[in-house]
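Two complexes come next, and they have one chain in common, subunit A, joined by subunit B in the first and subunit C in the second.
The block that comes next holds the complex of A and B.
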């Protein structure tokens, strides 16, 4: 049963299995295991970013395609929900229409970009996605009448999903609509992740891996490389858009900084590379570690910066705002020394 | 034995479309300028926009030329190129601020000397940085595009963050030197002096670069290396050293572009290189990877189109570049003047 749910792709490492189980249990019980709004918010972010990172892994790890437009698709989904919610009024139909239209828009855009750039050479894709994504970010901040510009949009979601909806007490915790909302996010994220696992372990996923290893040979065997690459782009765009919709439902706010910025793109890259490209489970480990570090490690850096304030330059380097720099260093080192990421390392240990 | 029949091979004249097709990329720039004139109508604002479009194009070309050569020569795609633009701008602007007496003086000579010093300092720093970048970041990942992209993006992040550490998180405002403020009026059109200077510098650089590439031995090796690297190495040239040289020169040019762009915008931020990279990539793609001439034409097209559209329909300025890129890729999927064959 479990093997079937995981599409026959087991973690293949005891430690990895344990880590994944701990993550799953913590996320599933987050509202009751941890206190406070911040912990719940962190858990929801982890769920959403696991899906986002996993959908990027489909492209980067399995397809060997570097895209810089993943936040664009994420943003399309988020803005889809935001726009329908603010125009159709609060209601589940608005959320549904928004999610679906966001995903459809993402698929169409991905199809266009894919057909244009993947036709020539894969390396164009990285550059073109960067250009298109930044153009869309500029458009969103300029058409402020529709999108709220830099300020973004705040809107209402169905009352059932807000903390105003109180449903009594369970295990010493006040169960509110917020927790219901969390479980909506959690369940959707779990389903999407299992779906992605299914996709990469299907014949389609195998062909994609073959293309990654040697596109010329795959073409010679008779697979239409462009078609497979474009399909992978569309699929990952659709899942990213759905993750964006979940993010919008959870936050009740969308803005360019939280959904479209280049920083988020870098975050996704780091999650996938550090977790382990081409493994799917790497996205889980990478996203969880990254969000936890982002939420809690920055405080640590702040205190380290204060502790070293007597030294020259060191406090500046340890400033919490400079945390991206250390991530960059970590990123370069992991590409050199651990190209298979955490998951790859754990599996190697077992093999040896 | 019969004689071979008389045979006079004749070459068919190239048809007009063939000949036009070859020259088309070069003709595109004047066509765009004429179209701009038709769309804008007023000659004076058209002239102003054309000059600023050319100035912008020249600056983008300066930044893009190094990138396209590096790709052509070693098949290395450097996403960290934008970091050199930012670093160049910060170093150059720091020098200009330190030389406040010179830039504030109403003497063209002192102003130019200050700019020259700033440019030299910026190019020296970015050149050295490029050398280090090549050794530490790029060298271990030759031949693997995926890793190159990832690692150079990592380098971009680190350098950008280091700028924050050294120069602080705030943007820096900079005044142009005294004699370069204001505009000259010609035929009723106001043209900023600085833009004219930028056009001049860009043209000189392009011609110099063309001369080096076409007339010197080193240029010959570089061009041959772009066309067929292994053959050049088989002839006994160490392409690796040439490549490092081109990488350093390209980084230094990005630094120069950064200083010029900083003075053009009169404000610099650590993220400016990243923003410019979008335009640089568009230029490199439409020009054709590895082609300096293509990058030049592409940069002029992008600069002109952006300025015309910004005047006609401000909100569509950046999107117009994407549209331009799409149109050119539909017409020539490899870019206008591709040198490197599809890989």
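The block that comes next holds the complex of A and C.
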């Protein structure tokens, strides 16, 4: 049963299995295990970014395709939900229509980009995705009548999913619609992740790996490489869009900074690389660590800075404003010491 | 009259001013093994590249089973029955030996777009792949990564991939190059088996004269990209053009 759910792709490392189980339990019980709005918000972000990073891993780790348009697809899903929710009014139908149309738009755009540019060299595809993603980001900020421009859109989601919906108490925690909303995000993320895990272990996934290894030979044994690459791009785009929809449902707000910015694109790239490319589980580890660092590193540094205030220079270095620098240092160290990512490293230990 | 499977009609490719393959016309019939010989740089591998589609032809045509395939891509030619093994080993290095062959069977059975089934649950692919690995004597190494295999075993796998495709036209580019004396017969026996199946045609680029003598029904000689001789082995070997252009220079290597 579990083997089937994981598509026969077990973690293959005791430590990794433990880490994944802890992550799963913490995320599954987040509303009851941790206090406060911030913790729940962090857990929801982790769920969403796991899916987003995993869908990027399908492209980068399994397909060997470098794309800079992943946030664009993420944004399409988010804006899909935002637009339908603002125009159709609050309701589950608006969420559904928004998610589906966002995913369809993402697939169509991915298909066009793929067919136009996957034929040629990889670097060209990367440049095209960068150009299209930047163009779309500009469009979103220009068409402010429709998209709210730089301010973004705020809208209402079904009352059942908001904190106004009180459903009594459980394990000492006030159960509200917010928690219901969290479980919507969590369940959808879990299903999407298992779906991606299945795809990379399917016959299609094997062809993708073959193409990544040796596209010349893959073509010579009868696989039309461009169609497989395009298919991978479309699948990855669709899942990213759905992750965007979840993000929009969770936040009840979308804006260029939260869904379309190049910064998020780099975050996704870092999550996948730190976690381990071409492993899927790497996305779980990478996204979890990254979001935790992003959320709590600043606090940690704040208190460290205060604690060392008597020393020269040290408090300045530990100032919360420097958190991005420390994240950079962490990234360099992790790439240097774990070139195959955390998951790759853990699996090597077991092999040796 | 046996069926003609593959034809090239004035097939030509130019790289800048250099004509690498110069209006080569030939046809290949079922049940026949044709050795393609010529000195280094004569255009043998380039001729292969034109037939299998890695290089587009400047002019001329390639026909497979009577159909013009000159404008088709590599994958489409392969799906129509043109299979090729490469001179320099060209495999999927970080996948297992079994997975390499499974990929070929999967392509042959058009299952590459299966998205929601587990690859390993397709027993029919594994069984077919194992049968081929046994034929090339690689069944014991099935779980190894290709990058861990010896050179000779990689050459065997190269041939296994081609056999897995089971094409109408088999193209071998120096299949035994760099193999040890006791490994090469496995491959040569396989080629003889394929030839014995009267429905296929085999094209073989080869330098070793003993291999050519034992396997070839016909020899074509390429010299400076052009067809210099074409006929039964005894006749071609004896002809003046071959003595001078090929054997005369290469004899001391044999």
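Just so it is clear, the second predicted complex is superposed on the first by the 315 of 352 C-alpha atoms of A that agree within 3 Å, B and C clash if a C-alpha of one lies under 4 Å from a C-alpha of the other, contacts with A are read in each partner's own complex, and residues count from 1 in each chain.
To be clear about the criterion, a contact is a pair of C-beta atoms (placed from the backbone, for glycine too) under 8 Å apart; a residue touches a chain by one contact, two chains touch by 3 or more.
These numbers come from a predicted model, not from an experiment.
S.K.: Please indicate which partner A:26 is in contact with in the superposed arrangement: first for subunit B, second for subunit C, both, or neither.
M.R.: Once the two structures are laid over each other on A, A:26 reaches no partner at all.
S.K.: Check whether subunit B or subunit C contacts more residues of subunit A in the superposed model.
M.R.: B
S.K.: Once the structures are superposed on A, label A:314 by its partner contacts, choosing first (subunit B), second (subunit C), both or neither.
M.R.: So A:314 meets neither subunit B nor subunit C here.
S.K.: Under the stated touch criterion, which partner chain does A:104 make contact with: subunit B (first), subunit C (second), both, or neither?
M.R.: Neither subunit B nor subunit C is touched by A:104.
S.K.: Have a look at where A:134 lands relative to subunit B and subunit C in the superposition and call it first, second, both or neither.
M.R.: first
S.K.: Of the two partner chains, subunit B (first) and subunit C (second), which one does A:39 touch, if any: first, second, both, or neither?
M.R.: After superposition on chain A, A:39 lies in contact with neither partner.
S.K.: Looking at A:160, would you say it contacts subunit B, subunit C, both, or neither? Reply first, second, both or neither.
M.R.: neither
S.K.: Figure out whether A:64 sits in contact with subunit B (first) or subunit C (second), or with both, or with neither.
M.R.: First partner only.
S.K.: Determine where on subunit A the residues touched by subunit B overlap those touched by subunit C, and list them.
M.R.: Common interface on subunit A, subunit B vs subunit C: nothing in common.
S.K.: For the complex, which residues does subunit A have touching subunit C?
M.R.: 4, 7-8, 198-199, 201-207, 209-210, 213-214, 216-225, 228, 231, 235
S.K.: Quick check: in the complex, which residue numbers of subunit B touch subunit A?
M.R.: Going through subunit B, the ones touching subunit A are 77, 79, 137, 140-141, 145-147, 149-151, 153-158, 161-162, 164-165, 169, 274-275, 277-278, 281-282, 284-285, 315, 318-319, 321-322, 325-326, 329-330, 333-334, 342-343.
S.K.: Which residues of subunit C touch subunit A once you look at their complex with the stated criterion?
M.R.: 52, 54, 73-76, 78-79, 84, 86, 90-95, 99, 102-104, 106-108, 111-122, 161, 165
S.K.: Give the list of subunit A residues in touch with subunit B in this complex.
M.R.: My answer: residues 60, 64, 66, 116-117, 119-124, 126-128, 130-132, 134-135, 138-139, 142-143, 262, 266, 269, 273, 313, 316-317, 319, 321-322, 324-325, 327-329, 331-332, 335-336, 339.
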